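Next up: some structures, all given as C-alpha cells.
Here come two complexes built around chain A, the first alongside chain B, the second alongside chain C.
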Partner chain A sequence: MKKLNQRAWLFVTPVLLLVAFNALIPMMTVVNYSVQETFGDNLFFWQGIDWFEQVLTSERFHKALGRQFLFTFLILIIEVPLGVAIALAMPRQGFWVPFCLVTMALPMLIPWNVVGAMWNIFTLPDIGLLGYFMNHTLGISYDMTQNPLAAWVTIVIMDVWHWTSLVVLLAYAGLVSIPNAYYQAAEIDGASNWAVFRYIQLPKMKTVLTIAILLRFMDSFNIYTEPFVLTGGGPGNSTTLLSIDLVKIALGQFDLGPAAAMSLIYFAITLLASWLFYTLMTMNDNKS
Partner chain B sequence: MRLKSLVPVIYILFLMLPIYWLVAMSFKTTNEILAGFSLFPQTWTLANYTAILTDPTWYWGYINSIIYVTLNTIISVVVALPAAYAFSRYTFVGDKHLFFWLLTNRMAPAAVFALPFFQLYSAVGLFDTHIAVALAHCLFNVPLAVWILEGFMSGVPKELDETAYVDGYSFPKFFVTIFLPSITAGVGVAAFFCFMFSWVELLLAKTLTAVEAKPIAAVMTRTASSAGYELGLLAAAGTLTIIPGAIVIYFVRNYIAKGFALGRV
Partner chain C sequence: MSLELKNVSKRVAGITHVKETSLTLETGHFNVLLGETGSGKTSLIKLMAGLDSLASGQIVLNGRDVSSLSAQKRNISLVHQFFVNYPHMSVFDNIASPLKVAGVAKSEIEGRVDEAAGLMKLKPFLNRKPHELSGGQQQRTALARAIVKESDAVFLDEPLANLDYKLREELRDQLPELFAGRGAVVVYATSEPEEALLLGGKTALMTDGKVVQFGPTADIYRKPRDLDAAKVFSNPPINVAQVTKQGERVVLNEKTSWTLPGDAASLADGRYTLAIRPHHVLPVETPDHSVRLSGHVLVTELSGSESSAHFEMNGQPWVSLSAGVHPYQVGEVHTFHLDPNHCFFFAPDGTLAA
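Coming up: the complex of A and B.
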C-alpha cells in the first residue's frame, strides 16, 4: 500500500507548473481565437460558434479527416500484425539479439524531417534506388509528384519503415517475459503452433500490444513532418493529412479563427478516439 | 525453421536500404548525382561533409540543436525526479487524474500548438533562444520522463526508504545518496528518451526560432528549397543527424521497449 501524503503535491508542483505553462496557456489562446474574428491590428470581434460550424460543415475538413482516418487505419492494419510476426521470428538469446534490437530501433531515432528527406532521395524516379528500380528495372511507372496512388503507397511504406519497430520491440519485450515452463507444458500437451500463439503468447503480449496500438494511433493521427517533407501534401491535395491542412490554414493563410476551431476539434477527436481504444482494449481485463 | 530466421534478416535489410542510399548519396559528387543512377559512389568525395563542417550556418545548426536538446534533457529529468517519486510512493488527492492529464499532453498534435507557442514565447521575450525550444519540448518530454522514472522507481522496494529513515537519513540525503544510485538505469533511460524526442522534433523547434537558435533540421529544409537541390549536401547533413542516435542506442538496447512504452512494460 502506498502512504497517503498530501505533501507529495510539493514534489509534483514543478512538473505541474512547467507542463501547465506549455499546455494551458496555448490551449486558452486557441480557445480565444476559436470564438473571435480578427482583421489584424489586434482587433477582435466576438464570433460565437460560427467557426466551429464552418469547419464541421466544410468539405475540405471532411476530406482531410477522411484521409487521416484512412492513413491511420492502413498503418495500424499493416504495422501491428507485421510487428508481431517479426517479434515471433526474432531469436530469444545469443549474439544476434542486441544486433537486431539496435538496427531495428535506428529508424525511430532519426529526426522526422530527415526521414522525409531520406525517402525523397530514395524514391526519386531517375536517381533514387527505389524509384530507379521501379521505373527502369521493373518498368512500372512510379512518380510520387505525379501519381496520387504512388504518393499514398510511399507515405504508408515510409511509416511502416519508420515505426513498425516500435510494435516489434514492445511485442518482443512481452514475449521474452514468458517463462520457459509455459512452452514445455504446451509441448507435453501436444499443442499446435497456433494454440501456443493463441493461448500463451498472445495473452502475454496483450498489455504491450495495447500500448503499441495506442501509441501508433496517437502518433500517426498527429503526423506532420514526414509526409510534409516527402510530398508537401500533394500531388494536389491527395496526401494532405489533418495536421498538414491545419498548418496550411493557420500559418499559410493566417485564418486564425477557423484554424483554432479546427485545432480544438482535432484534439477532441484524438482524445476521444484514444480513450475509446483504451477502454475497449482494457474492458476484458476488468471483467475477469 | 530456416524460413523463420529469414524474417528478421529481410526486415533489417528493408530498414537499412533507405539509410544506405542516404549515406551513399552523401559521398557522391553533385555531377555524379545529376548524371544518373549509380549503385555505389563512383568517385568518393568528402566535399559535402567539408562544406558542412566549414560553413557556420551549417555547423551552428548542429550546435544549436545540441544546446537546446541538452537543456531540455536536464530540465525534464530534474523536475520529473521528485514528481515520479511522489507518484510511485504516495497517494494524494487527484494523483491519478494528474498522471493521466500528463499523458494527454503527449496526444496533443504539435500542429495545434505551433502558433500559440510562437505568441507565448514572443510575449515572454524568449523567441529565438535555446531555452524557448528547451521549455517547449518539456510539453511532451516531462510527462515522458515522469512515466519512465515512475516505472523504474516502482521496481525499488519501499523497505529501502523505510530502513533509511530508521537509520536517521533526512529525505534529501536519502534521495541523493541511496535512492538515486539504485535507479541510475532509469535516469539514463529517461535522459536518453528526452534527448531523442527533442532531437527528432522539428515543427515546434522551427516555429520558435529564426536565426540565433535555428536547429539543424530547419537549416536542412532551407537548403532543400532555396539553394537549388543540393542532394549531396542534404544527404551529408542527414547522415550527420543519425549519428548521435546510433552512438547511444547500444547502451539502452535492453530498455528501448520500456522507454517507448513510457515505462509501462
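Coming up: the complex of A and C.
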C-alpha cells in the first residue's frame, strides 16, 4: 500500500483556517441564529424552520425579491449590450487607447458610498446639476425623493455609469486578443460588419462575456451601498432591494432570526442563479 | 494567368516595409517568397492580397489593374500561419463560407465543399467545430477554404510553420498537387530554404523589404546574385571568409591556400569574399573535399541523420554539416575539408564574381 504523506496537511491547513474564519464560521453563526429565537443576555430558544417559513411566506420579502430581480434584469439588459458596443467602438491601437482605458476605469475606482453621495447631490431638484436642469431649465418634474419612477431611473443610471466600464474592459480585452488574421480572412471572404461581429468577435468574446455577465449579476443582485446612500430604499419602499431590506430587519428591527433566515435564502438564490447562468452560457461548449 | 507587381512599395509611419519591387508571378508552379522573419514577406503578401494599400506602384492580376480594389474584389485566397477558421461554425460551413458570401447556389456549394473536403481528407469531420480538430486538421480546413473558392491567386503565408514536423512534411508533399491544374497563381512564403527547394517552381529571395533575386529555384540556389541572396538561401548559415586571389591560387590565410578550379581561375587578382554552404565542409577527406581547415570545435549538434559542428579557425567561425553521426569532442582541434568546387566568390561590391 502506498504510504500517505501527512506533510500535505502542513500546506493545506493555512488555507483551511483562512476559509474557516472567512466563510465557514460566520456562515455557521448565521445558521445558528436562523433556527433560534435570540434574546438579550445570550438566551436562545429553538425555533426549527419557523423563521424560514415566515420569510418565504411574507409579502414584504416577495416584493423586495421582485424589485431585486427587476433591478438586476435592467442592469444586465442595459450594461452588457452597451458595454460590448462601447468596446467595439474603442480604438485598438494608437494614442487614444490608454486615454480610453483610463477614462473607462475611472468610475470603477470611486468608492461605492461616494458614488451614491455624488448622484444624490447631482440629482437634488434645487441645487443638483441634473436635478436643477431637469426641473428648472427643461421644466420636467424630476425628484427621486418623491417619485418612485424617478428613483428607479436614477439608481439604474447610476449603476450603468458606475459598472458598464467593467463589461467594456472585459469585452475590450476579448476583442484585442483576436488576431488580425481573422479580420483579414473575413475581409477576403467579403463578410459584412455584422457577420464579422456575429461569427468572429462574439464567439471569441464569449468567455470574457460569460465572466462579465456573472460578475455583473452577482454584484447587482447583492448591491447595497449605492442605492442605500442615494435613496435609502425610498420613496416609501419603492427602491428597497433585498440587501437594504435585510439590513433593516437585522439592524433596524434587530430581528436576528428572520434576518439570518433571509440571509441564507438570499445566499441560496444568488448561488443558484449564478450556477444557472454559468451552466446555460457554457452549455454549447460541453454538448459535443 | 499572372500576377504582376510594378514598382510596388509600402511605407507605414515613415518606415519602409516593402521597397520598390517588380515581379511577374505566373501560374503552373509555386512562387516561393524566401526570407527571414521581418524580411517583408508578409507585408508583400498583404499588398498583393489587397489587405494593405500601396504607397506606390501597380498590381495587375490577369491583365486587370487591381491596385485600388479591396481584398474581397480581387478574387484571391489567403492561408495564414495561424489556423484561422470561424470559431463556432462547423467545418462544412467554414469551407462553404466564401461561396455563401458570393451567393453560389446551395446545390453547387455542397458539391464543391465535398470535393475540397475530399482532397483535404476532411470528410469525416465536416460536422465538427474547429476547436475539436487537431492543428493539422484546422489548417486543412483553412486550405480547403482557399481551394473551394477557385480564386485567381492563392497566398500561403508560412502555412506549415505552426505544424509539427510530421504533419508539415505530409502537407508539404500534398500542396503542389493540390493546386496543380487550378489555374491560380500560387504564392508561398517561407523562412526555410528547404521548403523553397522542395516546392520547386520559382523563388524570390527577400531581405530588408526587397526582393534581391527572383528566378527558377534551382538557378538561384546555384547562382546567388550577391552575398545577401546566398545568405538567405542557406541553413545553417553560409560560411563567409575574406580571401585573396593571387594568380592561380586563392589564399585564405598563411597556412591555407589552394588552386582555383574551373571558371574561378579567370578571376582578376585581388580581395574577394568567399562563401561556402556548410554541407560542403566535411569532417572527412574525399577526393573533392581537398582543402584542409583546422579549428577548435565550439558547438556540435546532432539532428538525427546529420551532424553539424561549429568551429573556429584564426578567430573566424565556420560551420560544417555532414551526413551521419560524427563523434566530435567540444574543445578538440579537428581538421575539416572544404570542397573548392562549391565556393562562391563575391566581389567587394557584393556581387557574384564566380
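Rule of thumb we're sticking to: the second predicted complex is superposed on the first by the 274 of 288 C-alpha atoms of A that agree within 3 Å, B and C clash if a C-alpha of one lies under 4 Å from a C-alpha of the other, contacts with A are read in each partner's own complex, and residues count from 1 in each chain.
Basically, a contact is a pair of C-beta atoms (placed from the backbone, for glycine too) under 8 Å apart; a residue touches a chain by one contact, two chains touch by 3 or more.
Just so it is clear, the structure is predicted and the values come from calculations on it, not from any experiment.
With chain A as the common reference, the superposed partners chain B and chain C fit together side by side.
Our angle of interest has its tip at the CA centre of chain A and reaches the CA centres of chain B and chain C; in the overlay it is 80°, to the nearest 10. In the superposition on chain A, contact of A:F267 is made with chain B only, not with chain C.
For chain A, the partner with contacts to more residues, out of chain B and chain C, is B.
After overlaying the two complexes on the shared chain, residue contacts for A:G94 are found with neither chain B nor chain C.
In the superposition on chain A, A:G236 makes contact with neither chain B nor chain C. Legend: residue contacts after superposition of the two complexes on their common chain; A:G139 is shown touching neither chain B nor chain C.
Looking at the shared chain after the overlay, A:Y224 reaches chain B, while chain C stays out of its contact range. When the shared chain is aligned, chain B comes close enough to touch A:V15, but chain C does not. When the two complexes are overlaid on their common chain A, residue A:Q184 makes contact with chain C while staying clear of chain B. This overlay, made by fitting chain A, leaves chain B and chain C with a least C-alpha separation of 17 Å. Taken together, the two complexes place no residue of chain A in contact with both chain B and chain C. If you check the complex, the residues on chain A that touch chain C are 179, 181-182, 184-185, 187-191, 195, 199-200, 203-204, 284, 288.
Those residues of chain A whose C-beta lies close enough to touch chain B in the complex are 2-6, 8-9, 11-12, 14-16, 18-19, 21-23, 25-27, 29-30, 85-86, 89-91, 96, 98, 100-114, 117-119, 121-122, 126-130, 132, 136, 161, 164-166, 168-170, 172-174, 207-208, 211-212, 215, 218, 221-222, 224-225, 229, 242-244, 246-247, 250-251, 256, 259, 263, 266-267, 270-271, 274. Touching chain A in their complex are the following residues of chain C: 46, 49, 51, 70-72, 76-78, 80-82, 84, 86-89, 97-98, 101-102, 128-129, 132. The touching residues of chain B, when paired with chain A in their complex, are 4-5, 7-8, 11-12, 14-22, 25, 33-34, 36-37, 39, 75, 79-80, 82-83, 85-87, 89-93, 95, 98, 102, 104-117, 119-120, 135-136, 138-139, 142-143, 146, 196, 199-203, 216-217, 220-221, 224, 231, 234-235, 238, 241-242, 245-246, 249-250, 253-254, 256-258, 260-262, 264-265.
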